[in-house]
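Shared between the two complexes below is chain A, which has chain B as its partner in the first and chain C in the second.
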Partner chain A sequence: MNAPVPAFSTDASAGTSVVRVTTAAPCARLSLRARGELGPLEAALGLDLPRRIGARAEVGETEVLCLGPDEWMLRGPEAVAPTIRAACDEVYKTHPMSLVDVSGREVTFVIEGTSAAELLTLGCPRDIDRLAVGEGRRTVFDGATVVLWRDATDRFRMDVWHSFAPHVFDLLATGCRELAAEAA
Partner chain B sequence: MSQYRVSGRGRVDTGKPVSFTFDGKRYTGAAGDTVASALLAHGVHLMGRSFKYHRPRGPVAAGSEEPNALIGTRRGPGRFEPNTRATVQELREGLEATSQNKYPSLKWDIGAVNDAAYMLFSAGFYYKTFMWPKNFWHKVYEPFIRAAAGLGVAPCEEDPDHYASRYLHCDVLIVGAGPSGLAAARAAAVDGLKVVLVDENAEAGGTLLSEPQATIDGQPAWDWLASELEALKAAGVKIMTRTTAIGYYHQNMIGLCERLTDHLTDVPADTPRERMWRVRAGQVVLAQGALEKPLVFHGNDRPGVMLAGSAQTFLNRYGVLVGKRPVVLTSHDSAWYAAFDLADAGAKVQAIVDLRDHVHVDLLTEAQRRGITAKLGYTASATSGRLRVSSIRVNPVKGGDVGTAERIECDAVLMSGGWTPSLHLFSHTKGTLAWDDDLTTFLPGKTPEDCVIAGASRGPWGIAAALNDGAEKGAAVAAALGKSASGKTFAVEADRTGSGITVKELPTDRSPGKAKAFVDYQNDVTAKDLRLAVREGMRSIEHVKRYTTNGMATDQGKMSNINGLNIASDALGKAQPKVGLTTFRPPYTPTSFGAFAGYHRGEHFEVTRKTQIDSWAEENGAVFEPVGQWRRAWYFPQAGEDMDAAVGRECRAVRETLGMFDASTLGKIEVVGPDAVEFMNRMYTNPWTKLALGRCRYGLLCGDDGYIRDDGVIGRLGQDLFHVTTTTGGAARVMNMMEDYLQTEWPDLNVWLTSTTEQWSTIALNGPNAAKLLAPLVEGIELTDEAFPHMSCLECTVAGMPARLFRVSFTGEIGFEVNVPAPMGRKLWEKLWEAGQQYGITAYGTETMHVLRAEKGYIIVGQDTDGTVTPYDAGMGWAVGKSKPDFVGKRGMARPDLVAEGRKQLVGLLTEDRSKLEEGAQIVFDADQPVPMKMVGHVTSAYHSDAVGQPIALALVEGGQGRMGETVHIPMPDRTIAATITSTVFVDPENTRLKI
Partner chain C sequence: MLLIHCPYCDETLPEAEFTYAGQAHVVRAQDPSSQDDGQWEDFLFMRENARGPHYERWRHFHGCGRFFNAVRDTVSDKFLTTYKAGDARPDLSSLLEGQE
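This part shows the complex of A and B:
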């Protein structure tokens, strides 16, 4: 407990020829919960909320991922948070919802390379092959809850709560070396 | 070439010699050898001593089922493994192998005295021998048994290797790459199905590696194998060798242990030694084949006595003759072919001794053609030879009578008692077994999993039968996955089909009571032990197993279970299925702890959650303590301070001027929605409707049983917005409990919960100067009692950062909690630290926090409560909204035993001798009563307290709240301490210190 725990910096990165892990720049993250008639909320937000769990949508630089039957994760540049907040406040009276700023809660790792999907199998019990490009999932990695975004066949983003990030990153870095040795 | 190596046989590469040592002696083997095959090539059969009797032992098998040839392997410091099967460990340059369980040497072993005294060591000997005198057990018997028993020595150095794990998803997993597994893979690999084929051996092929004489579809078996493996790879089948399916878990989750480096001369960097695969398969085909059974007769464990099929494997796969003058002893046709193969490789087979009176004429013809004597209707009654078999004693059996013995000189005995289908993994699925009278064995019945059995593990015998059954089953699982597939039919020549009979221990003309006829080689269990167990009253096979330890060794009874069952059922006079079979449990073969631990060792053992301010604490010398998964600063010792001194100084700083504390680990939940207040009313014991905007309240959470589960301060930041805090350890549990109620009981409520524990860094400021420090940094509110009274909250700006500011106190001093977005936490901490220097600001840890709150009588859930304490027991009836129609725990609190008199209630204690009590110490009312005394409660918290001037304690005491001022007693090992019951509030009961 009192042994120094390896320091984790917000720009941690690791990588080999087959897969790299980098830390994404901070962004706005908003957890949106709503149910019932979503039309007015979508109109106010100026975007369509995907209805299928795991599906994503994008408007400008704002991305939405459906995480549950009444749950979405919105992310975008830090400046968009007040705009989204204002849009939600506008329709709250008639169409109540919960919009909680969680920008400070988590960090995002970008995982890319030919072995990116294989790297995820070190800690994620889900079938990574069945996570389609352009979709996302809330799942676990090495015991920590994470949200995975698959942006390309060999590129993922992984959102991790801050306090779990060093542990998760440590395994990702170990895996980068292991996969490089395997490819050699 | 080594003496027993046969030129032109086997798959080893004698052109690539590999040097290794066994018990310090240097040997040379060939690339592709195992330790066992390399030693056998030098004529070395003696490889170990047995578990109980220290009898000399050599390999009896050629594969993972080997019970005898267990060795230690070593490659430099820390890389030592005991109990490795010599038949599995592949040779590598420089391998150091050692025998086990011997002293002073393998050939001269003192422990072998046990063998002479074998009558003392019969079944259940522990229970009979070591009963009396009672106090001898701990001092004499147990240490002796522990030292004498066991095989290898546990490693004591840290293992420098690393271990890995992965998840794997596939449509079809096939376990076993013998003929049935290969054919199943080919048939199932259609239409994009993801097929994985695993085998525990170094190369795929199974039986085909030991039967090169066969031709499949016109190709010699090994050529067919090579082209088939290429074809499977081309079809996208993932083939994994050196990979053991160790366990079959729920819903087609199979554990695979892959060995990656043990066979390599040099360990490559960043390559794990072993990898655990957790496979989720749509369909599973178990094609694990069958294991040969030994015959049970006196001296069947002497080095040189081994399974006939294994001798065939050593010859055909490794090019090693296990003996030059072998005798074959069998009840099954398969051993005849072993005799023929060895004879064709130059061995002089002394005789084929068959227990049956009749065998197929073709076998007799083939034996005759090779000049081998066949003895039909014979039994074996003994072997002789000290460290290696030198002769076997056989007798004719006619109508149950055992005739005159004759002795046959030999250097090996190749035995076969028939074959047992390997049903270990099938058994893990809770699959039922069906007894087959013809085969005298259990066959797979029904399983709840999506799993089929192919090949010899469900009965069919011979290469053609295995291939065709595999193809059929492969097509069947593909069809089950919605694909159209058809299994082809294979044409096999020189196939060796055959049959046999099953026997119990062999008839003998000598006293069966003195026979050392081994059933379980690894645990040294004999036929006599099993019969004794039945005589002594064991009726169920489960009891027989535990009494004798038959099948309880690391080989999981692979060889002994069916022989043991046959003998027990004979002794009981019942049919085998009535006696039953013991359950096989994972892992299938011994598996290293490293493979199970995977990456979770050292610093990666478990998640250590740290706050954003943790790094400051580390830089400033904090001592940490674990709280759930978090590590928290415990106290901040300065030079020369011990814990008491540091905590004393930190406490004084808070009471006299100013302290700061990292409270970021507190759980936080954002409750939002039009029904937020209704949800809070139902969830917490307190009423919330009248809580004004910008105010906060201490909330108490109970389970439906009425007992306290959690607590925390809750602020109302909007009409429909509550900022809930929970205990550090309870955060996830409380969130789950709330979601559970919301989703299952109250789905009608329009309210949502979001975990914001890690959204905020939380810094607590406490002490007379807290407001003075904070006031200049806060924008948007004046920090006065009028503008921002105690128990207020507000969204504002602190030191230029967006913040949620709470005025609360768990110390009794003026207190604030500043929440800022988590990544800003350390910046704010440093600003406050700097600005607080003028007030002598002091960083404090969890220990000081505990003291300060105890001085005020504030409970710690989980310390002062133990899951059986109601709000009333804790003296917090004021927190229960009695007029609310309902809330979680309301009905529970009304239960008769929860409202009864004399419940244990939380009180304060002050000791008369001013000593600090021990947390957990028991309390009695009368110190003079006889032992055992009636215990009426226990100490829950105890601390030194400078503020009080003597140590304080909180305690749960029967009817304690009605006993103020009374004396109770705390008996300790050295004395009994008297203490006075007091209020729980030790400091400033009027809360005057909270005013700014």
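This part shows the complex of A and C:
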């Protein structure tokens, strides 16, 4: 039977000396889809939308990750969401686009430690070493679609949909213990 | 595991991120009401079942989410090429030459 969403504790954390997994504080997440002329949209948002898939841009505390040819994920503190929505509403009249607030859809796990990249190989078939620092990708982790952000060589963030979160977290927690046992 | 090149991401990635989506270049008629039952049958049900190079659609499901086309040899499972949806069907003889 599927566990109800509240069954997953939002402050779950696990870790050992080599790698630690924590749940990040809630933030604003906005999914943006737009095609054609992006100039007016960028002017309204006050940032340059990266064109290459996986590239990131940052303005203040707002981060943008390009997920597809016409798709971006915007995230920042919860207070910025209304500002971004208002800016996009202005441009919408002349440049139709889709901006959806998906803040409540997923949780973010912060994975850090010397073995962080190795922990991800447990469920991710990609070559983690080819994911450059300061980039991000949508990929798969043990069957669940996740968005990986690489912030440093030994620090990642992983956005996981709520319904997959308990499974992904349990797998990461098991991996933490395994890697610690190997290191010991 | 197969490694598949996504023409949108421009990266060669593991098969687990992709899903197969049937034969490529199956075109729906411009004027559907002019089609008779035989033509509908061909459009809906008749597929090639090729032994050898096969033009097929794939989707980068756990990635950019895009559908794209590929030419894969159904015997060796080797991808001859991948190209964006909407691009013209690449010439098979030049693809085969490139492999040798």
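One rule holds in what follows: the second predicted complex is superposed on the first by the 177 of 184 C-alpha atoms of A that agree within 3 Å, B and C clash if a C-alpha of one lies under 4 Å from a C-alpha of the other, contacts with A are read in each partner's own complex, and residues count from 1 in each chain.
Basically, contacts are C-beta pairs under 8 Å (C-beta built on N, C-alpha and C of every residue); 3 or more make two chains touch, one makes a residue touch a chain.
These figures come from a predicted structure and were not determined experimentally.
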Tell me which partner A:Arg155 touches in the superposition: chain B (first), chain C (second), both or neither. neither
Touched partner set for A:Gly68, first chain B, second chain C, both or neither: second
Contacts of A:Arg85 with chain B and chain C, given as first, second, both or neither: neither
With the two structures laid over each other on chain A, which partner does A:Phe164 touch: chain B (first), chain C (second), both, or neither? first
For A:Pro125, using the defined touch cut-off, is the partner it touches chain B, chain C, both, or neither? Pick first, second, both or neither. both
Give one of first, second, both or neither to describe whether A:Arg138 is in contact with chain B, with chain C, with both, or with none. second
Let me test your reading of the model: by the given contact rule, A:Ser103 touches which partner, first (chain B), second (chain C), both or neither? first
According to the contact criterion defined above, which of chain B and chain C contacts more residues of chain A? B
If we overlay the two complexes on their shared chain A, which of chain B and chain C does A:Ala181 touch? Say first, second, both or neither. first
Chain A contact set shared between chain B and chain C covers 125-126
Using the touch rule from the top, collect the residues of chain A that touch chain C in their complex. 53-54, 67-69, 71, 125-126, 137-140, 145
Within their complex, state which residues of chain B touch chain A. 162, 164-169, 268-272, 278, 280, 599, 603-604, 607-612, 615, 618, 623-626, 629-631, 670, 672-674, 720, 750-752, 754-761, 821-824
Please give the residue numbers of chain A that touch chain B in the complex, ascending. 1-7, 10, 26, 31, 33, 70, 96-106, 118, 121-122, 124-127, 129-130, 142-144, 161-164, 166-167, 170-171, 174, 177-178, 180-182, 184
Give every residue of chain C touching chain A within the complex, in rising order. 1, 8-10, 13-17, 61-66
